[in-house]
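Multiple structures follow.
After this come two complexes, each holding chain A, first together with chain B and then together with chain C.
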Partner chain A sequence: MTMTSAEGTPAPPRMSAFARKGGLKAHERRVGRLFLLPALAAFALVILFPFLRALGVAFTRSDLQTPEPVFVGLANFRAILATPEILGAFVTTAVYVGLATAGTVVLGLGWALILNQSFRGRAVLRAVTLIPWVLPSTVTAFVWGWIFNSRFGVLNAALVGVGAIPHPTAWLSTTGGAMTAIVITKIWFSIPLFMSFFLAGLQSLDREQIDAARVDGASNFALLRDHILPHLRPVLLVVIVLGVIGNLQHFDTIFALTGGGPVRATSVLSIEVYRRAFDQWDLGMASALGLLWVATIMPAAYFYLRHLLKGA
Partner chain B sequence: MFDLSSRSAKLVFGTVAILIAFFLFFPIYWLVISAFKPNAELYRITPTLYPHDPVLTHFATAFGRGNLLQQLRNSLVVSCSAAALNTLLAIYAGYSFAKFRYSGRRLVMVFLLSAQVFPFGLLLISIYPVVTSLGLIDSLAGLTLSYIVFALPVSTYMFYSYFTQVPSEMIEAARADGAGELRIFHTIVLPVSIPAVVTVFLYGFMWSWNDLLYAMTLIVSESKRTIGPGMLLAYLNEVNSDWGGAMAASIAASAPIVVAFAFLQRWFIQGVTAGSVK
Partner chain C sequence: MVSVVLTDVRKSFGAVEVLKGIDLTVEDGEFAVFVGPSGCGKSTLLRMICGLDEVSSGTVAIGGEVVNDVPPAQRGIAMVFQSYALYPHMTVAENMGYALRLAGVDKAEIRSRVETAAAVLRLDKLLDRKPRELSGGQRQRVAIGRAIVRDPRLFLFDEPLSNLDAALRVDMRAEIASLKARLGTTMIYVTHDQIEAMTLADKIVVMNAGRIEQVGSPLDLYRAPANRFVAGFIGSPRMNVLPAVVGPDRRPVLAGGTAVPVETDLAPGTPIALGIRAEHWSSAEDGDRGALSGTVRVVEHLGSDVFVHLSVEGAPDPVILRIGGERMVRAGDILRIAPDPLSVHVFDAAGLRVPTRSPARSAA
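Right after this comes the complex of A and B.
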């Protein structure tokens, strides 16, 4: 099974320029475009137009004092570069994305390797693994907010109980603790999806090759290093790119758990843009910052799109 | 895959398996049992590992607040409509991309798919005035419309990759018989596409059901709140948190989506990994 099932199927043969002009081909073009129309209209309304509008607003002053946007050129971008706390959000975002992506890749891969063994109850385990992924964001935040609770949280009780820490930590109200909490929360509900990708990749592994290596006396570790991991390389790239895109955009559980705090310790770009736009109603700055945010996503997006459109 | 006949291999493999399983499932266990603990048992420095004295009071208070049922109903209305709208838009577009050839096709595909990488938060800044000017701010219809943002690109791609596997001969034979294009789609292609339809519907449903950002920004009235922001406002109060109620409400809010997945997860995972979603 390949990652995109589209790859496996040859596209219909390309028509010569001459044949394309024929009546049937003209008909095909017309019908094809008509089928596309509804989605395209929706796309224009809720995605393309809002994006272009944000692009314009980013170069204006548009806030509560200035309800009619005034063109200010690059002033918003200059203001961003001159504000250390906004620049800090880029660093916070990088830390969050780096830790969450790395953690999810390692644990997602580990879990996929485990669920790829055959044992009784495997199908059930695979199914329930998806639960963290499908829970509403608010529920996820509640679950972890309760675990990380400073007074009655089970984590503090366990850590103090085994003597790992001398007294309870106020996880969500310390700089490092809050970052730890939001990263762990993100890893927790992203493992299922990553695991599914790795598992799909593992299922296309050549069993005979594995068996042959085993007959040659390869250890489990050698098998992993020389056969399994090289086979998973393309999947790994897709998963990392998807993880980076998803983590760069994530808002819900961070907002619900810490609101970007304490102070600005977990104020990643998504939180920062939201605060500028919907707390302060400074749409010019929010849009400018949002565009820089898009720019950080673009490199990952490029690889992702190239992968998706292979053979299209 | 791995050979676990040796003791050391069993030990390493077993330890890793138990640790990851614990990380994945303990929080869910803790969510469920916390909902059944009476307050005296809930707010203890050393927690009990299971409810010694299980009670249903938290469920009674959670539902007794009155808003929860209404929020669940609002969420259900919005999520079903958003999922249906999304499926309807995506299915024709995916069919068009997979089975027709015309100039500009690839370009439009790039555009549609790239939409998935625009941060939802950035789009929201401009969707807000769009929804307002349509007169749909603070309405379930406006929220439904906005949810297209989340799911349309990936859904279109899921249909696209599904339809590329439907043999073109079927369509051409029907065309040769003189059937109209809409009829071909609805009587020949659609009946073999039910798995994809279910997957995409569920995918759209999940995004809408689980969302917090759009729901809390585009809805202001208490009576129109959906569960995400509704629960957050009701329970995450720094001064006086009702964790038992929060856990009971969480179970109520998670039940529909978990049950849907329990039945459909096999189809779903195939569709989603084929679509390479975020």
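Right after this comes the complex of A and C.
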């Protein structure tokens, strides 16, 4: 049965009482904005406001002798460029970030490939692999500090035991040794996270694709080169960018293991900023350096965000 | 072209034995179809012929050589997978030429072989596309092309059409049939769809629960199923199965009391089952021998045919019969029908088909 008007043509249906004003999408957007508010407020309070404060302080002299900040323009930045040891910190940071990121990617991928095979005890091994990730970073630093310890460390004991070195070495007191130690510690600590990313990626690889490649005559190396790595490319990109960002920001295990030493051998930017701010109380200089530090993270963050937004 | 000989092939996953001793010969140039319900072991058997899964015991011989320990790439086979298993980051041409590239064939030769296969499969305009830019049917053709390019001595197909829609499946079925006619290569094809099996196969291998139930040509299986499982699995709609007992004159008596005019050698009183296909019924008069009546429950009009589901006394499931498309039948009508005595199958209590005689012939 249809409703008809007096002329016999069907009457247009009236609007439902449940219709949303402006359409369904507009209504969802209004609710969405409401949900965003708490996060935005927290962001403004704990991130945006301190960042803007620091931005201001970077252009002032603010140290123990000058409790009230005095505007000095770009003087802090000029001082940074004129201080070779600070410029050295950029180089140290690049070396540290490069080695730690590359090491974690390679070992994390290798470990994920192993844990993706089916064998007895795989589930247990996967669980055990996550231990470094859940340990507090100071505990990690303490464990590795003992391993590298010159007198009681297991590394010296092992190397002397197999005759690789004639007598124990003070690893953390040599330039190369200290850098190796902080890189290894960071790699050990980050492998679980990277491995999880890779493992998740590997598990979405079509099993029949690998079977087909095997029938086509692919060796293990060809499988890795032609199928696994191309499949993992998006994951690899995210993992490298996250690794670079994480390593640029890293502070705690380096500070606990070497404190930036010996001399300045492991003084990466995070350590340098900490020293300027809380050893020397030169807040103007620390803020200026912090700003440059943020600038080094920006390109990596940009790539990451672009990738995230493109994926969405 | 090669033959494939399986001798007492078994496969266990832990304590579970999924293949329980398979003996089978697929001749040179034959198109064999493994058919059976999900989980019957047909895909596992194919993967073992391919070399993707190891044989627990028994031997797989291809071209007269035992290949149990030969890797898939060295068996001279090509396989088409259910999911197509195309390499997503390679173009159609790269997908098709991948095996040749790995084998170190030179680039010009690869290009010429890929182009020849692409022309046959109407893929020549798509060679630079990635798999994600193709439709389901095109992907399936690329998967077949990838197999053809290698010029294998044995083709394996693992449910290649089950991801396609109904219309495309019919087209691809025809394409595979013409491929078989053109190449003449030995082919083994796995499916759970008995229509694919009936239309493509030279030889159908019906499998169930890790065993071969029957091997034969499509018509052999249709006309003379070895047991109730094959009878029910081959043919659409399913063969009607009616419970009965052997009467004093060795004729089956249906649960409703009707005697069917065939004779068996089974002792009187033996419980049996009668199998009668939908097309082997005709309408009957009151006095006809073996006639039974039932109430129409459902009528399915397919245009050329009408399938009628009939409730018959003593039969647990409705009897399905085929009648001409022009005949009008409605739910609730009473029909009187009789089976064609020459097409009645008798199965014993174990489900095996037993020979029957037509009383007319025995009387003669």
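Keep this in mind: the second predicted complex is superposed on the first by the 280 of 312 C-alpha atoms of A that agree within 3 Å, B and C clash if a C-alpha of one lies under 4 Å from a C-alpha of the other, contacts with A are read in each partner's own complex, and residues count from 1 in each chain.
By our rule, a residue touches a chain if its C-beta (ideal position, glycine included) is under 8 Å from a C-beta of that chain, and two chains touch if they have at least 3 such contacts.
If you're wondering where the values come from, they're calculated on a predicted model, not measured in any experiment.
In this overlay on chain A, chain B fits alongside chain C without clashing. In the overlay built on the shared chain, the residue A:R264 is in contact with neither chain B nor chain C. Applying the stated contact rule after C-alpha superposition, one finds that A:D206 touches chain C and leaves chain B untouched. The larger set of touched chain A residues comes from B, when the choice is between chain B and chain C. In the superposition on chain A, A:F255 makes contact with chain B only, while chain C stays out of contact range.
In the superposition on chain A, contact is made by A:P38 with chain B only, not with chain C.
Shared-chain residue A:H231: touches chain C; no touch with chain B. In the superposition on chain A, contact is made by A:R214 with both chain B and chain C.
Between chain B and chain C the least C-alpha distance in the superposed model amounts to 9 Å.
214 are the residues of chain A that lie in the contact sets of both chain B and chain C, per the superposition on chain A.
Interface residues of chain A, counted against chain B in their complex, comprise 3-6, 8-9, 11-12, 14-15, 20, 25, 28-29, 31-33, 35-36, 38-40, 42-43, 45-51, 53-54, 57, 107, 110-111, 113-114, 116-117, 125, 127-132, 134-139, 141-147, 149, 151-152, 154, 157, 161, 188, 191-193, 196-197, 200, 202, 205, 210, 214, 220, 223-224, 228, 238, 242, 245-246, 248-249, 251-252, 255-256, 269-270, 273-274, 277-278, 283, 286-287, 290-291, 293-294, 297-298, 300-301, 304-305, 307-309, 312. Interface residues of chain C, counted against chain A in their complex, comprise 47, 50-52, 71-73, 77-79, 81-83, 85-90, 98-99, 102-103, 146, 150.
Considering their complex, residues 206, 208-209, 211-218, 222, 226-227, 230-231, 233 of chain A touch chain C.
In the complex of the two chains, the chain B residues touching chain A come out as 1-4, 9, 13, 16-17, 20-21, 23-25, 27-28, 30-31, 34, 42-47, 88-90, 92-93, 95-97, 99-103, 105-106, 108-127, 129-130, 145-146, 148-149, 152, 156-157, 160-162, 164-165, 168, 181, 185, 206, 209-213, 217, 227-229, 231-232, 235-236, 243, 246-247, 250, 253-254, 257-258, 261-262, 265-266, 269, 272-274, 276-278.
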